[in-house]
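Just so it is clear, A, B, C, D, E and F label the chains in written order, and each chain counts residues from 1 on its own.
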Amino acid sequence: MPIVTIQQFPRDVEQKRELAERVTDAFVQAYGISAESVQIFFHETDKEDWARGGRLGIDEG
Amino acid sequence: MPIVTIQQFPRDVEQKRELAERVTDAFVQAYGISAESVQIFFHETDKEDWARGGRLGIDEG
Amino acid sequence: MPIVTIQQFPRDVEQKRELAERVTDAFVQAYGISAESVQIFFHETDKEDWARGGRLGIDEG
Amino acid sequence: MPIVTIQQFPRDVEQKRELAERVTDAFVQAYGISAESVQIFFHETDKEDWARGGRLGIDEG
Amino acid sequence: MPIVTIQQFPRDVEQKRELAERVTDAFVQAYGISAESVQIFFHETDKEDWARGGRLGIDEG
Amino acid sequence: MPIVTIQQFPRDVEQKRELAERVTDAFVQAYGISAESVQIFFHETDKEDWARGGRLGIDEG
């Protein structure tokens, strides 16, 4: 604990690497817990599998 | 808000397009909120990754 | 299947009752499946437990 | 109900088949419910999409 | 890893204690992993916050 | 998008306020997106509803 789940459109591994480091540090700073206690999961969603306003992401302007 | 997550077996994009439109409209009608405030995520699961009664979907009749 | 999870701010039971009926009907219409195959879960989140733009919901104007 | 979601690194179908059977039996024994009432979803995560201690799984020793 | 999430109607702590033990053992047996690597989360849902067939759990016979 | 879900033991609002600010900033820095595009949900879990190694949190040491 804590377990962090991030739903996002696909991103390259370099961006995920940097984000994982920064998000983990956010927990260390705000909660005073060890970095090792933080687990992060990325759930990447294609634009075909997300909608807003009733329109799929692939159909947006 | 709201965020809607739909776990289902894979379906073609045409069905997801129609469902996203209809589900969003359900929120507009029942809650009186704007369509733009509704986000939908489809999480599609293969039959190998789902079980009922202790049997994987790929092993069912 | 399908399993629908709705994350939202708390709403009264009358609104959830109407939404559940309308969302289920959306699946019946779009996918041609039986109403009985649709399960819906409401996960209600207090404004203290949600943030956008780095501000908790309880701190928004 | 109940709905069981398992987040794990990818495993072969033979292991998932055995696990689904054993987890379902755990519910039957502990809760006294029917096996048919238990649904299980496997959400498999690649090592690129998981981090602990601020390091992605692909970067671990 | 693995992370197990169980969505269920509320149950007493004695049943959850027994289930956690049995489910963890299922992973140890099927995957050959250590019990310590298994984390379980119970997400309990009231009958007002679940629906099947378009009817809330509180409205079922 | 992105949607961030944090599963944790209950914490006071002051800590969640600080964490939300820092996690949002992590996305702005790593992905170059606007703070407004980041939504965070806290899912707090009591020690009765979490287990590791087959033992509920309330039964640990």
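Here is the rule we use: a contact is a pair of C-beta atoms (placed from the backbone, for glycine too) under 8 Å apart; a residue touches a chain by one contact, two chains touch by 3 or more.
Keep in mind that this is a model prediction, so the values were computed, not measured.
Asks: In terms of C-beta pairs in contact, which of A-B and A-F ranks higher?
Replies: If we tally the contacting C-beta pairs, A-F comes out ahead.
Asks: Let me spell it out: compute each chain's centre from its C-alpha atoms, then which one is farthest from chain E's centre?
Replies: The chain lying farthest from chain E is A.
Asks: Roughly how far is chain E from chain F, going centre to centre by Cα mean, in whole Å?
Replies: 21
Asks: Using CA atom averages as chain centres, what separation in Å is found between chain D and chain E?
Replies: 12
Asks: How many angstrom between the C-alpha centroids of chain E and chain A?
Replies: 25
Asks: Got the chain F residues that touch at least 2 other chains?
Replies: Correct list: 1, 3, 7, 23, 25, 39, 43, 50.
Asks: Along chain F, where are the residues that touch chain A in the complex?
Replies: Counting only chain F, the residues touching chain A are 1-9, 11, 15, 18-19, 22-23, 25-27, 29-31, 50.
Asks: Going by the contact rule at the top, pick out the chain A residues touching chain D in the complex.
Replies: Its residues touching chain D are 13, 16-17, 20-21, 23-25, 34-36, 38-44.
Asks: Please name which positions on chain E make contact with chain C in the complex.
Replies: 7, 43, 45, 48-56, 58-59
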